[in-house]
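So, here come the structures, one by one.
In what follows, chain A forms one complex with chain B and a second complex with chain C.
Then we have the complex of A and B:
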């Protein structure tokens, strides 16, 4: 096991490659992948990896990248891909199909603002647009977490009780292009962690069969219900995978939600990705000053860990949900999910939304302080607050 | 939780609900709309709708109609209909009565009487009408998928007591006219009703339940796919493989499987190509040089970019293939053949392969007849002829040369042989009849070519006239040029188009310097004074013009009075054609090809080749010899072998059709244009001075890939590639249609460029 200074993209590309290689004694690895800023380094890494069995297929678009990965997965290969932003939008139709086909494909997404206007910086709107597509979703805050969660995601997605694809997300540039020390595990360790893929519904070339043909309403209903049941099993299976990971690599890949100083916190900040890193430091500083403030980092978004989130916020009266995304006409998406998680369970909690870091804006400690100041002054929740810009009457031409 | 169908779908007592069972394309949804419209026009509240899935023509479908004098407020399917209409009698079964109200009508489109169905549906009233016949009689829809809805609308009027004029109003409201109205009226009159018997079964009908429990899992191994739907039952047509006759095979006088040997060459299977040729002809190398190749004139590829160069491909197979034919049996019967030309040798070849003991009598010193003497070396080298004759003789055939058979010796042969074949060809040459026939000045072309072969004639410095337009004329002219003639002129009474010689040979003769004097009829020949070195003659000709076509279908030459002109020359070569010498037969014998000459001898006797047909081509002689061999075999053995004139039927063909496929039945646009390979020729200077073979032949068999394989599957697999359902595959040489799933879309037929797939109506 070697510690190297690499980018988040490098860490992701490494994890995808060694995970693919770990299936060499079974059906190998096969996938399609297509470059897009800021994910291109991942493509370069996996395309240059000397796989023992299988190959990375160059394709002409994201849509085809997922199509190839689906074809590979459905015939038993370990399949992965990576994309970002508008590339994910173009891939979306097949992303949805992969979920409903129950294919354990792992995709790394570098969160980048959807254009126009063209913008290559961090914003989670691209992957959150895919939130209802039967994929597991994880948001990571640093290179090591990207690497570890990617490896874990293969084992989780391929588990017979789950069999759903998984999306591993990181903030553009802040993680993808930032070089920090990262532990790159050896292939034999990865081999020990990842069993060979044995897809129960794989297609065989000599056995003609269709998958997902026309289903009458009741038949379709059964398949949707199965997805819901698989989603409900994820928390337990995740913990099993997490323990195995710890055993093999000696490192904790982290829980699906991660609490910091929440025990007696009255105000809790709920954040994801690198915003959580910054918020954690603000909370640490203000805790020292005696303020009863805590942080919950949402690592897993699908399935949404509603019960765990409620448990983590037991002492809180005020919740600030930081969203680096905006669902037009509504508000932040994590905020919507958080409100739904509490509604009917704890209607006494004030849940306020702060839109911070959209379109790649830098979420500095000062922004978090501003959020906490606003939250502390509230007696009731209001409309989502746009951080870093004056809200008011839009100028009508 | 499961819910009983129909629960909560309770309707007003005044509401009538109808369920229609049909197949896609029959118009079930429109029938629902017609019934609804007829009620709507009477002021009722109505709904008409279909239950849609992945339907297409022929798939079982359901449609629904409800009407009420109160506003309709529910939007559910109909689970407990008052009446049921069945558009297709093949759908009749328990499901059509599911949930049907006791005593409700079941109206079936069927030629059968309603009594036939009474046993199946004891709780319901039955009616039947032959709507399919009514629709067909009124040209509604197609023959295979008649649209029966308007007829059934008329029948509905009768059973539901809807006045017919109200349904006619609905039809007109929806734009139906004429034959649809006729069909409705007739069905209303013809529908047969069967009321419930007094003792009908009053047991309460149990409504069909909604599906309960878990459906299939996408993860459940083979069950990951939904229960298979046999889409083949949607089909109204099915594809099949057929074989048609390629025009080349049809026209080949030798009966060669042209498409078959080209197909083998295209696969670079040269030995197989030769083997296919040797089934019919012992002379592929010879015909590959000297055949007029009518196959090339019939070739469908002419419509695209020119005929396949079949002649050169036959030559390639003959020259490069390695196959030694063997006798297939050993028999005791002895057969004598008179004449060792192509017809006699072909008959000998096939009879020897059948196992007969064959002896050939040749009056001249060499075996081969005109193959040896009649075609010059530059067109047909002697070693090629020798090689093919050796292959025939290798079957154990005995040839006696310099053994002339006359009428008496024929009778002697009959005594110690089991069959006789006379293949003496055309021995008598036509004369000029201008007073100098048989002199040194006027020689017969056949004799001239014989001398050329023997190397004992020169025409140095002479002006030579050749009279005639066939291959002998052109061969003699080109030979004269090579033997030193100062000028060679071919005199012919019609135009180039009518000349029987092979077109390419005429072209080459002109290239080499032979002049054509067309539309010229010799009328006088006069000896001029000699200059001491050579003799001089003057041929007087009369100009001709073309008139109406004659019995040969060529336009007949008509003399132009007063148009005489003179040609000076030192030698006249005649090539006016030949006629047969029947002196070997008893007087009065009518010699016809293909029939045993009866009544002359007890021994079966046949005349074959040019003697019988007057055809004049090697290919024709080959065909005649082969046909005679098969007939003799059938006479002697009592078997009944068929004389296949074209490609043998491929294996695994559903239909072998006796039709010749023409270019308009081919999808020529599918093929890439690719000009024919002609091969190299000898340099002109050498052609004028040597008898070296003019055509050098093709270096490889790639020309064969131009064969379109008209009407015969060549396993291009376009059909398999384009089958949208993946239900067509080729296994070995067989096309496997999976009729359980084939919907009969016809894409395979549409994609096949060679018309190998046809659709049958179900």
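Then we have the complex of A and C:
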């Protein structure tokens, strides 16, 4: 195990590569790759990795990158890819198919603003656009978490009780291009953590099975129900994978929902990714001043950990949901999900949405302080609040 | 196709043996006179004769509807459905893992002209450029048949389709020239009216490694508004008149015409299909096009001759 100073992209590329290599004694690994800023370094890393039994296929589009990975996965090999922003939008059709095919593909996504206007900075609208596909989704705040969650995702996705693809997300540049000390596990440790893939529904060259043809409504319905049941098993299987990870690597990859100072908190900030890092520091400072403020970091978004989120906010009367994304005509997507999680369980909680850091805007401690000031002054929730709009600034009428 | 029941228990997975010699099983629901069905049967025979097997990779098209509804299938070989534009890319992944594991059998894309000439063009071009170890067969019925008969870039000039109700203005895309420009090891055209030629070319394709492209002229009575019993005769006329020449291209460089047109007038081909209306067809221009096409091909075959070969 070596500590190195690497970028988030390097950490992701390393994790994908050693996970692929760990399947060398089984059916190997293959993936399609295609560049897009800011994830390009990930696929460059993968392309340079000396796989013992694998092939990296540089294709002509994101759509085909996922298609090649699906072909490999459906043949029982380990498969992955990486993408970002408009690349994910272009890939979307095949992302959906990978989920409904129950293929345990792992994809690292660097969250980048969807254009136009063209913008390469952080915004989660790209991966959240994929929220209704049958993929697990995790949002990470630093390089180590990206690496650990990517490795864990293979074991989780390939578990026979799950068999769903997984998306590992990180904020553009803030994580993808920032170098930090990161523990890079040795290949033999990864080998010990990741069992050889034995995909139960894979293609066999000598079995006449048709995958993905027509199905009548009752068959389609039962397949959707099976996905729902698999999604419901994720929290338990995640904990099993987390324990094994701790055992092999001596490091906790983190829970699906992470509480900080929530025990007696009256106001709780709900955040994801690097916004959670900043919010944690604000909460730490204001806790010292005696304020009853806590933070919940949502690491897992699909399946949505509704029960765990309610438990984490038991003492809270006010919730601030920070969204680095905007569903046009509605509001922040984490806010929508949070409201749905509380609806009918606890209707006495004020849940207010703050759109912060859209299109790559900085979410500084001062922004979090503004959010808390607004939240504390509220007796009822209102429309989503747009942060970062200067007073007096006018929009086009 | 999912692996599990809601209980988390794996479904029973009985072995379903392959039947290459009966690649398209009886009881399928394809239309009478469907050229694709005949093509699949001929493909199955070619595989049997070569002692080979295959995995079919089929994008959205009549070919995947052919399979029928889960959990039954009309295909006697492993078959994967892909999104419309993706079959060569999915096939690349499947062929890669086959080769990494030293497994036998061909990976064959079986796609219509919509998935080949149109939406899948970039994917096909990229797979050809990478020289993937895949056979790509386009059954070209010159129409989006599965969606009820819309124009594609394979539809010939003059043909009425639901999106060109007054006849298509533009001519048919010359996909063989595009494929030749990729310099893949083998490309050939096929006709169900010439089964021996079909079998020989399949045999050649099965003996070569790398990307192989086969274009099958596939009559569609529903879309062509022709009689099902005329299907084979129609594509025979297309070959005989030079509308759909039968030839091979090796490495994008050398050519061989495998069946010479016999001077048949293309008029009868047009008259026997109600997708063509006489007032929309310029037969003189068509005759000139056929003659120019054959002269061009013949000069390529003369200057850059390919000798029929079976590679080890």
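FYI, the second predicted complex is superposed on the first by the 389 of 397 C-alpha atoms of A that agree within 3 Å, B and C clash if a C-alpha of one lies under 4 Å from a C-alpha of the other, contacts with A are read in each partner's own complex, and residues count from 1 in each chain.
Quick note on the criterion: a residue touches a chain if its C-beta (ideal position, glycine included) is under 8 Å from a C-beta of that chain, and two chains touch if they have at least 3 such contacts.
Only a predicted model underlies this, so the values are computations on that prediction, with no experimental measurement involved.
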After aligning the two structures on chain A, examine chain B and chain C and state clash or fit. clash
For A:205, using the defined touch cut-off, is the partner it touches chain B, chain C, both, or neither? Pick first, second, both or neither. second
Touch test for A:118: chain B only (first), chain C only (second), both, or neither? neither
Based on the superposed arrangement, let me know which partner A:28 touches: chain B (first), chain C (second), both, or neither? second
Contacts for A:163 in the overlay, against chain B (first) and chain C (second): which applies, first, second, both or neither? both
Count the residues of chain A touched by chain B and by chain C, then name the partner with the higher count. C
In the superposed arrangement, which partner chain does A:76 touch: chain B (first), chain C (second), both, or neither? second
Going by the contact rule set out at the top, does A:101 touch chain B (first), chain C (second), both, or neither? both
Examine A:226 and indicate which partner it touches, taking first as chain B and second as chain C; both and neither are also allowed. both
Scan A:218 for contacts with chain B and chain C and give back first, second, both or neither. first
Among 77-85, 95-103 or 257-265 on chain C, the segment whose C-alpha atoms clash with chain B after superposition: 257-265
Between chain B and chain C, which residues of chain A are contacted by each of them? 101-102, 163, 200-201, 207-216, 219, 222-223, 225-226
Could you please specify the touching residues of chain B with respect to chain A in the complex? 53-54, 210-211, 214-222, 224-226, 229, 726
Per the touch rule, the chain A residues reaching chain C in their complex are 27-28, 30, 32, 53-55, 57, 59-61, 63-65, 67-77, 79, 93-94, 97, 101-102, 160-161, 163, 199-201, 203-216, 219, 222-223, 225-230, 233
Which bits of chain C are touching chain A when the two form their complex? 1-8, 10, 13, 15-19, 53, 55, 57, 64-65, 67-71, 73, 75-83, 85-86, 89-98, 100-101, 103-105, 122-123, 125-126, 130
Parts of chain A lying in touch with chain B, wherever the complex brings them together: 100-102, 163, 200-201, 207-216, 218-223, 225-226
